[in-house]
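Just below sit the structures, each encoded as structure tokens.
Common to both upcoming complexes is chain A, partnered first by chain B, then by chain C.
Coming up: the complex of A and B.
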């Protein structure tokens, strides 16, 4: 059963990027306004789910050739690694560091190791959600 | 700093194994692994000059400082000796495994990952000064050993052996944790060093003996002491490099290490001496007695390891007597601890080489059954020589190192008779007698092992493959170890001065202030002393019994199989836990999720509501409640209608949509009550779960609501009402009474200054409660992988079915 969803597919192609960039925005804004790695990851996943709804599994897989299991592993390693950084600086496990820097283009920016940790969370959430949806979707 | 990082080097290296194995296929992964123990061995060797002078090196690394938990690498004589054994023998074993395991047929990355995890764990055990981290590493050795024993996981016996070893050692480890906690309660610290300093004060404490017994249980299970030894023979299902490494040189010696390390704490107790010496001696005898019965080469070695560990254990027990004697440094008891450490080194060398030889025989002939073997001497001359050296050393014959430590063992056992505290005088004469009898059996099984395999008639048609000498690479490690066996015999004092004496000082810190104070000179010729006559007796009787072995070996089977300890274990695991418990759990584990939810939601309201009323915690007060607006009432109606629709919908799709409506309404409530984070998450989750539902929708079985609807389930209504009541009561009570001020204030004040953030929810997630999040994503990852594994496994099975059809 192959349905030609021209309108849905065309809209999806645009909306996908809007959602994705919104996810990125949410992720980075997370430390000061609602958002963060968890929600950002879920929003990203929902963008990909939208792709899945509009196209089929195979097409999405060729569009985004990502092994989501690896993504989960990398996310966990980043999160754990961030937490472990402190240990190498003789601080207790999970001590975060932050400071303000003047970067070109951005101006005064705060850089925070928590963001790195959050990125790990983000990857795990996207990875797990997509792993589950993909495997269930593949199972005939 | 580097000292602590070194503990984790093998773990870090383990991460790269899959890549090395998958990407670089031409080179055996073992060559890369070899670098790790080599580096560690060289690193630890640099400590030798200072440690042998009696110095110690401590580096602390905070982990959870608020609970007093930290990684403390404490290197003194004892831990240095073990670290060198772990890294040194580790290097030899890895080298051996390169030739033993075929890189084309075996899952090498798994093997080396487990091995490296084990190496880290073992180094952690012997160097940790903090009892909690010691326990952590201790259980990690059990887990990695479980993985290694079960490495060939498609064999039933491997899985059985792996499970057995883990059940026993982990159970012992948990007992040990209890002992540690009791000790830390007494001493107010987790640090072993400060516990040792305070030790004399503990003896009067009520829980002292309990802590002692619990810690000993940990040590005995790990070191395969009677009656816990039963896991060790089954652990022989592991690949031979693993047996050589874990089950002779390192893991089983963790128990010895623990006993040695805690001797200064517990030696004042007579229970300690009785248990350690008594169980040790019993194990020594039991192991040596049953080793002769075995027909599997590795089985003989397993039982001999059990017995040798018992020997070392009994020596440590006798060594603890020195704490009860004035001027112990001048009496004969000083020999015991010294002999224990010395024999530990010797045992690691000769047993390591023997295990490797057993592996070679297995590898080159295809069988380990001693009844099929024989006459390999001329075909495998190098292996035979190594086996001969190892066995003679094990039997305690000159000129091999086992002779030296064996003589000291006999000296120590004879000395027990001189001691008359705690009614020892009545039982003491038994010590040298049991020791002597056990030594006779040790002699027999050593000869049995080497001569039944290498001499006699070659039964070539019994052997699965045509026998030939092993490749040179496989022989390097056993030859090096055999070389050490001989070298240590000729220069014993060099070895004892550098390694044994500092370790003895760690066991008996009250007696000696520096390693030079340990006035023991090892000599191969020590005059016509009682020990020498005993040794001669062992040789004469042992030879006689060995020659007549075939005549009396059958008497072993007079003990019926039903009454052995293994039988007891099998009964407990299979009958008691296996079928009875399965039958019991089958009563309520029906596989129906509806029922499980029923159980849970019955239990939770009962517990919570009962607690509320017992504790008199139910209070209603509407003070500070915000006004209710009309639109909120409307939303609640939507919520209620949505819920009812979900339950009574006629088709699944209506249910799903109604459920979605409920979810979105709840998130609207979050928005109204100023929780944008929650609302956002709820919205996205709702979207994704509807999508997931739709994905699975197609495959769900036919909707059978019609039949369900006709019967009004009173029980379920009752449960759901109870849950609702419970939540309402808890919410009202929580709102109405506040014992302590809300923690929100703290977050509000510190979120910017401490964490540099603005959004409290996110800061809590990534910073204040980062641990929570870390474990949460770990759980999430495991759940994802589990679903992936489950469905992929089913799919691959289906494919197989298709093929077979």
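Coming up: the complex of A and C.
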């Protein structure tokens, strides 16, 4: 039996943007305030799960044609690579570097390699969460 | 409507480039001048002026706040009554709204004003099934929805 889910689907289309933007904000806020890669990844995964609840697995697959297992692998590679940069510069493993750069639009910003490591964590968290949920979901 | 907003932003940038004033205040001045010129040329656009639609949205928000306060007071009176004489019921409400966002907005407005809850939208999206807390004045409820919320939403979506 097919139910008319007009209200849920339309609300999802709006709320998805808000959740995704909040996830990006929480990811970049992780250095000085609560937040970071893990929480940002979970919030992003929850936005995709909301899409899964409102629509179905096939629709979300066509919207986001991502193999989440590759996503986990790429995230691990980024995290490891960021940690390994220091080894080529005669520093101990996991030494982070930061400096101040003048970017267009942002002005004076401090860029830190910990953000790259956090991005790897983010990708791993999104990939693992979505792999678990999709594997359970397509069980027929 | 979206074309008019785009045109207005473009005109604002045009004035910014003409006056070499690349600040937010320059943008606001250009936007206001662009709005005035668009109002002057209102007969050449296919749809109506977008500023009237913005005004309709503001009116809808004011109407919603008013209805929310009034309906909550009426439910408070119902709760405080020593004897419960209400008769809950379901009824079908035929709507004339078409698109998804209109139906979603109407359903949320009906649900947020206490006394009525939307429980289902029919498969062809032509009628809502509403649960009402007191079935003694169903016709009154239907009339109030039709004349307030639906009219306001139609006012917004009219091209």
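We adopt the following convention: the second predicted complex is superposed on the first by the 139 of 140 C-alpha atoms of A that agree within 3 Å, B and C clash if a C-alpha of one lies under 4 Å from a C-alpha of the other, contacts with A are read in each partner's own complex, and residues count from 1 in each chain.
Note that in this section contacts are C-beta pairs under 8 Å (C-beta built on N, C-alpha and C of every residue); 3 or more make two chains touch, one makes a residue touch a chain.
Because the structure is a prediction, the values reported are computed rather than measured.
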| item | value |
| --- | --- |
| Which of chain B and chain C A:45 touches, first, second, both or neither | first |
| Touched partner set for A:9, first chain B, second chain C, both or neither | second |
| Greater chain A contact set [chain C / chain B] | B |
| Partner chain A, residues of chain B touching it in the complex | 61-66, 676-677, 680-681, 684-685, 687-688, 691-692, 694-696, 699, 755-759, 761-763, 765-767, 770-771, 773-774, 777-778, 780-781, 783-785, 787-788, 791-792, 794-795 |
| Chain C - residues contacting chain A, complex | 100-101, 103-104, 107-108, 118, 120-123, 125 |
| Of all residues in chain A, those that touch chain C in their complex | 2-4, 6-7, 9-11 |
| Chain B-facing residues of chain A, complex | 26, 30-39, 42-43, 45-46, 49, 52-53, 69, 72-73, 75-76, 79-80, 83, 87, 90-94, 96, 98, 110, 112, 114, 117-118, 120-121, 124-125, 127-129, 131-133, 135-139 |
